[in-house]
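In what follows, chain A forms one complex with chain B and a second complex with chain C.
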Partner chain A sequence: MAIHHDATVPGGFGGGWSADAGQLITIVDLEGQQAGDFVAFASADPTEWLSPPHCREALRSIFVRRGDRLVSNKRRPLLEIVADDVGIHDGTIPACDPTRYSVEFGVPGHRNCLDNLWGGVRDRGVAIAAMPEPLNLFQNTPVVGDGRIGLTDPTSRPGDRIVLRALVDLFGALSPCPQDIIPGNGLLPTPMRLVVSDRPRHV
Partner chain B sequence: MPLLMIAPNLEGSPATVSVEIGPGDAACVAFEVGQLLTIELLDPGQIAALYAFSDADRNEHLSPHHTRVFGGSFVLRMGTRMVTNRRRPMFVVGRDSLRVHDLLLPASDATGAAVQRALAATVGEVPHLPDPVNLFADVRLSHDGRLDPHPAPGRVGDRVTLRAVMKGVAAVAAARMTIPELHGILPGRLRVATFNEVADLPEDLPLRSPE
Partner chain C sequence: MSEPREFHVPARSGVAFRVDAGAIIEIVDLQGQQPADFWAYYENDLSEYLSAPHTRIGLMKLMPAEGDAFLTNHRRPIIRIVEDPVPVHDFLSASCDPWRYEELGQRGWHASCQENLELAMKRAGYGQVVCPQPFNIWTNFHLNPDGTFEIRRPATSAGDRIVLRAEMPAVIAISACPQDITLTAGLDPTDLLVRVD
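Right after this comes the complex of A and B.
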């Protein structure tokens, strides 16, 4: 079994990855209750990216599940969910960014997913203003009450994973979210592992 | 008379405009801090894709995604602060005769292209076309996350009135969505306008009775 990429990304930081069509991308929540912001771009055309709004349109749901094919902003399937220990992910919350902390919490200078994600793809020519909405793996964003957004922690346990198959050649980035002020990561950012392989990787 | 109760307006009132948008077309309207921006249906059952960009920096734009998080809701309501991708308020929903809108779905390719043409012809190309706020689109969200599209229920004269709290330019399209169930009838027209005085606003239609 060929392993093409195997990296542990510290909680609150980010890392890039790439995968060829057919390869598997396994993301592991090593310590549990950690959301991972995830972006993917078509290697052949970085103006085509994994798009949660277009996934919602295609799937008629704000949530994604095993077997779903995740589409791009050009409505082309880029990824398929082939295994999923948790079954709870979010595509509705934008990446935390400098203003998330400076405007909403009065904490300027906080690490943030937007900068983490961009740091993983900037060398591929992606502008920060063109960073897409992320798919937030393991993030738990229930619909509560009268269309309100529930604010709570992931249900993922240590070692839980999701496996995505690349349907085209891709590159992207993962950011184990640095949010440590409000619920979202159990108030403690922890590391995640990302493996790109030809077959499912058992960790 | 100042537009907002903050200071005397020494420069006079800003210009107001009123633009009719044909089926499938888009148009741009500039707005000043304190002005009222209205989007009105001239034909029933239409959807308006609303985009807006800050004059100070075209990279700062209205964001349905950040608006959801800022308001803690998947739904646009009266009083919602509609914020930019930098989490700064751009509009507040001040009046709304229909109260059925979508903050979740993308634009169709045709609508995005119409908006880009309208922007290019007025303020120039923008660095990045974001996702729109789909005014008057009826997309019902279940607790299990399911999205259930229904034909747009707007009546002739239904109107959303937004108080601008940032200076910028709005691009509005008489949208065609990709999901066919969102459209019950033929494409129709919209009117987008700015006002300086609440007293100048047309009378709103009465709220529809709940189904």
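Right after this comes the complex of A and C.
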């Protein structure tokens, strides 16, 4: 029962990963209330990536849940959600980025998911042209009625996890979100563990 | 300022053009029930473009309304909705593309909004661009309370229009959606008219 990758990504930082078709990607919120921005690319063609707008169309839903197959910008299933302790994820808002902190919160230089995702992908040694929209695991962006959305803390508890099966060979990155100015991570970024394995692991 | 211009966009095709900051862009659904996929890029840096996720978090809404501005991926206003008499649109779905038609059982080539964008931008001299999720004007996205949705026939009649204003110098692309297999374009793709002033 092989483990191919096992890393703890510190809160507010990023990490890269890769997985072959059939392998399981387990992402654990170690301390709870932590969102993780997640991107995935097809190893054979990095212009094909996990795409939230295409997932919505394929699933005919703005939410994702266990059993769903998540598709690429070329409408091919890349990942399947095989287990999910939380059930609340977001595919509608962007990765936080330098502008978010410098212009909107007056904190230039703040750590951010966009830079973390670039760093994680760079670790894999693959060149990509642009960073796609992330799937924000455990991110709690409720639709509060009349098309308005809210930003609140994740409901995840320590040890909660999501398990994704790679349906093709993939690489990608995870960023346990550094947002500590407004709700999103309980105002305290904390670490996430990412394991790639052949079989489910109770990590 | 540029002269006023008018573009006739034949059914199933696209157009791309530049506008000054402050330009008014009016899109007319000539025969009714015709969606227009809409993209905007900052003229001086095409890697900055109208971004659905950045607009949603900027407005804290799933769909902008009259008076609201769409934001770029650098969180700057690029397009504002000035008048929107038929405010039934889609801002959550990707544009149709060759893979979508393959999925729907199409054999061989079928026009698509993504290809219309790419061709129109190349023809206008902008080369290859990324295809972000567009503002799907008049695509009738009906959201159910449980988060599921369906795409219904557009709510527009002949002559209905939307008026937008550019908030920065921009390159605009518009596709008269060629979808003729689902209800998106009322099963009958038709022409659009675009006026720029």
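FYI, the second predicted complex is superposed on the first by the 196 of 203 C-alpha atoms of A that agree within 3 Å, B and C clash if a C-alpha of one lies under 4 Å from a C-alpha of the other, contacts with A are read in each partner's own complex, and residues count from 1 in each chain.
Convention: a contact is a pair of C-beta atoms (placed from the backbone, for glycine too) under 8 Å apart; a residue touches a chain by one contact, two chains touch by 3 or more.
Just so it is clear, the structure is predicted and the values come from calculations on it, not from any experiment.
Asks: Putting chain B and chain C on the same copy of chain A, do they fit or clash?
Replies: clash
Asks: A:Ser61 contacts which: chain B (first), chain C (second), both, neither?
Replies: both
Asks: Would you sort A:Thr92 into first (chain B), second (chain C), both or neither based on which partner it touches?
Replies: both
Asks: A:Thr190 contacts which: chain B (first), chain C (second), both, neither?
Replies: It touches nothing on chain B or chain C.
Asks: Quick one: classify A:Ala130 as touching chain B (first), chain C (second), both or neither.
Replies: A:Ala130: touches chain B and chain C.
Asks: Using the superposition on chain A described above, determine whether A:Leu151 touches chain B (first), chain C (second), both, or neither.
Replies: both
Asks: Go through chain A and flag every residue that touches chain B in one model and chain C in the other.
Replies: 51, 53-54, 56-57, 60-63, 73, 75, 92-94, 97, 99-100, 103-104, 129-130, 133, 143, 147-149, 151
Asks: Under the touch definition given earlier, write down the residues of chain C that touch chain A in their complex.
Replies: 47, 51-54, 56-57, 60-63, 73-75, 92-94, 97, 99-100, 102-103, 130, 133, 143, 146-150
Asks: For chain B, which residues are in contact with chain A within the complex?
Replies: 59, 63, 65-66, 68-70, 72-75, 85-88, 104-106, 127-128, 131, 141-149, 178-179
Asks: Okay, in this complex, where on chain A does chain C touch?
Replies: Residues in contact with chain C: 51-54, 56-57, 60-63, 73-76, 92-94, 97, 99-100, 103-104, 129-130, 133, 143, 147-151.
Asks: Using the touch definition from the top, list the residues of chain A that touch chain B in their complex.
Replies: Contact set of chain A toward chain B: 51, 53-54, 56-57, 60-63, 73, 75, 92-94, 97, 99-100, 103-104, 127, 129-130, 133, 142-144, 146-149, 151.
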